[in-house]
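Per-chain numbering from 1; labels A, B, C and D assigned in written order.
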Amino acid sequence: MRLWRDTHEHDEGTQRIGAFSDGVYAIAITLLVIEIGVPAVSSEESLGTALRDLWPGYFAYILSFVTIGISWANHHSFFKMFTRSDHHFLMLNVLFLMCIAFLPFPTAVLGEYLDNDSQRQTAVVFYTAGRLAPATAWLTVWAYGNWHGLVDEDLHPNYTRLLTLQYSATVGLYVLAVALAFWQPYAALAIIVGITGLYFLPPRPRRYISGEMEDLI
Amino acid sequence: MRLWRDTHEHDEGTQRIGAFSDGVYAIAITLLVIEIGVPAVSSEESLGTALRDLWPGYFAYILSFVTIGISWANHHSFFKMFTRSDHHFLMLNVLFLMCIAFLPFPTAVLGEYLDNDSQRQTAVVFYTAGRLAPATAWLTVWAYGNWHGLVDEDLHPNYTRLLTLQYSATVGLYVLAVALAFWQPYAALAIIVGITGLYFLPPRPRRYISGEMEDLI
Amino acid sequence: MRLWRDTHEHDEGTQRIGAFSDGVYAIAITLLVIEIGVPAVSSEESLGTALRDLWPGYFAYILSFVTIGISWANHHSFFKMFTRSDHHFLMLNVLFLMCIAFLPFPTAVLGEYLDNDSQRQTAVVFYTAGRLAPATAWLTVWAYGNWHGLVDEDLHPNYTRLLTLQYSATVGLYVLAVALAFWQPYAALAIIVGITGLYFLPPRPRRYISGEMEDLI
Amino acid sequence: MRLWRDTHEHDEGTQRIGAFSDGVYAIAITLLVIEIGVPAVSSEESLGTALRDLWPGYFAYILSFVTIGISWANHHSFFKMFTRSDHHFLMLNVLFLMCIAFLPFPTAVLGEYLDNDSQRQTAVVFYTAGRLAPATAWLTVWAYGNWHGLVDEDLHPNYTRLLTLQYSATVGLYVLAVALAFWQPYAALAIIVGITGLYFLPPRPRRYISGEMEDLI
């Protein structure tokens, strides 16, 4: 395992997991639509009404699509901060991808049961927990990378500390959303939408010890 | 965010979204077939008749496949005109991809209900609206890129004006098709087929201020 | 549209459609398994019997997987023979991919109805026709490329003539299989298996005017 | 077919099958979630209970995701050991990928019937056999490559012998698991989990004749 200082060169391990991740992201995001089933209506019923009644499915589709899209965008610049990798780092990333690839399922559950008064609470708890999982895995990957010196040593310590704080706060908010979902499902969803909205904003530029800043796009 | 003048070099952000888009396109286009379900017939019924009755499914498959294929081909040369990118540009592209990745659903609805006299109108309205969405997102990406100076400054202003006109006209035709679908579904579909046919023609070569022309393939 | 003589450099158009094709191939081949549905058996019935009864599904899966795999391998070396491309060439390739991406559907029909005495004939006709389609599209792409001078001019004319013969013969055999399927479904399937087996053999090395030979792998 | 000694250069054939394999891996791993169907519950039933009852589906998802993820990671470094390729090698790899792409099906069967007392045995036999298939194909690819001199000649013979032993032992353990599954399904699953766990550990560094070692990541 060689050490690279050049920010444009990466350990081959991080490149490979990066390419594989891009594939999984692209597939998971495109599979989301499969879960919105075509409604079966007879000639007497209204297809229009049936399509309108699918609004929770559209809502869940949009929410998860935007989330996976943002996560994909961030994942790329996230990986650029690791200049080395090892076997456990690779495996932790497989576990992270497992959480991302799982998202279509809680999304489908939310889409199916959000407008069902007796099942809404369960569906939202399940969805928020499904969102908590990749956030926790992301934090774990970050913590592992920091602990084992895989992170670019030229990054400013204040910047890495800030990221640790941000990732931890995100996990904290998701935990809050899961807890809230047990008695206020819509408030929990509002938190989820809020987190997604915050991540939709432009990320902070990367800061180096040298004082250099690098925009993330 | 650096500025590149060399048309073969791009901002890393546009390259990344380009590769991701290719993935989403390839998956969305290949998922279309999944929506044509195998008909369930008993030994007494005719499988031949059942397969023939799926013609709206085949029609919808071909129409959407060709559309996504053309959009993919155009998307590539579209992206070559942007020499810079920023966070909002990236996010607008995620929204555009959300519309492309959604297409299998209206395609499935059209395939299921096109030959149903009482549901045809709704199915066609839904499908044309599903086609309007990515066209509008495309125009938005283009408008944003122009407004924020992300477009290659060496392109001839007449050429970029022409594209603005073309993208706006496409959106206008789709709006017309959606409106028409409410009382003449087949006429609306004819417009959709017509737009697809027009985009099947070779695109105009890119024109530069220097007088240079570049074929788009 | 520039002309390249160097066999390692390609027109950008052929490279792009090549990468997109690889994506569509990889997705279509991996989607095949989705069409084998998990059998629903009660606790009194035997899951073992139900899984055994799915043999036509496994057979169809293997036959189509090997076919798409071989087609992918050949497609790559096929594309290496084109040193130029144009808009219609690109669009013909989109139509070819449409036929490849459609294969999971006739595969699913064959897997569902091959062991149904009253539906076998229809299922096999449909499957063989589904195999005829990409073979015909492939021949069309080849004929178009030859007609419009997109093929590498350094290839030996005997070699290109041989390929024209081979592709035409393949289409002929598929037409025969479709016709035969109307009264001898199993014989038609045997022809299909035979064609697949022939293509499983190592392809003839590419022959150049210079006398050079190049193995295809 | 040229011979490369430089470990960073590969025969084009191995690169192509490598890229195609990455695609199939990424798609197969992401399709796993599709097989966990959203439970259909009425307003009187508990969605929470229904989601809990899906635990065999989650277990099968995790087990197969981790397995495919590890296999992907190993496949990459596996391919780096082959410095040449030929047509049969390519075709054997297509067959190997056929086994990998098939995994979502036995995974779905296991997820559906693991908690069904009368079907558990069949489901576990089917799943373990589904795991045996790619392990056997992997060993076959390796044996073929060794037999036909496609393997990097700079690798230390002790290292290649060790790998032959390891791959054979893995196949042997899977055969044992299949046999055991007929009367002790849970014990067979424990062996499967154990093999997965062993492969989760860091792989042995590659050893060369020159004495050089190369970490696999």
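Everything below uses one rule, namely that a contact is a pair of C-beta atoms (placed from the backbone, for glycine too) under 8 Å apart; a residue touches a chain by one contact, two chains touch by 3 or more.
Please read all numbers here as calculations on a predicted model, not as lab measurements.
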## Note on the structure
Neighbours of chain D that also touch chain A are none
### Query
How would the chain A/chain B interface be labelled, same or different, where same requires over half of its residue numbers to be shared?
different
### Query
Measuring from the mean C-alpha position of chain A to the mean C-alpha position of chain C, what distance in angstrom results?
37
#### Entry: Centroid distance [mean C-alpha coordinates] between chain C and chain B, Å
26
## Note on the structure
Multi-partner residues in chain A (2 or more other chains touched) are 23, 27, 31, 34
### Task
Please give the residue numbers of chain C that touch chain D in the complex, ascending.
22-23, 25-27, 29-34, 36, 38, 41, 43-44, 46-48, 51, 61-62, 65-66, 69-70, 72-73, 76, 200-203, 215-217
### Message
Looking at the complex, which residues from chain C come into contact with chain B?
### Response
1, 11-13, 16, 19-20, 23-24, 27-28, 31, 34-35, 85-88, 90-91, 94-95, 97-98, 101-102, 104-105, 108-109, 112-113, 116-119, 122-123, 126
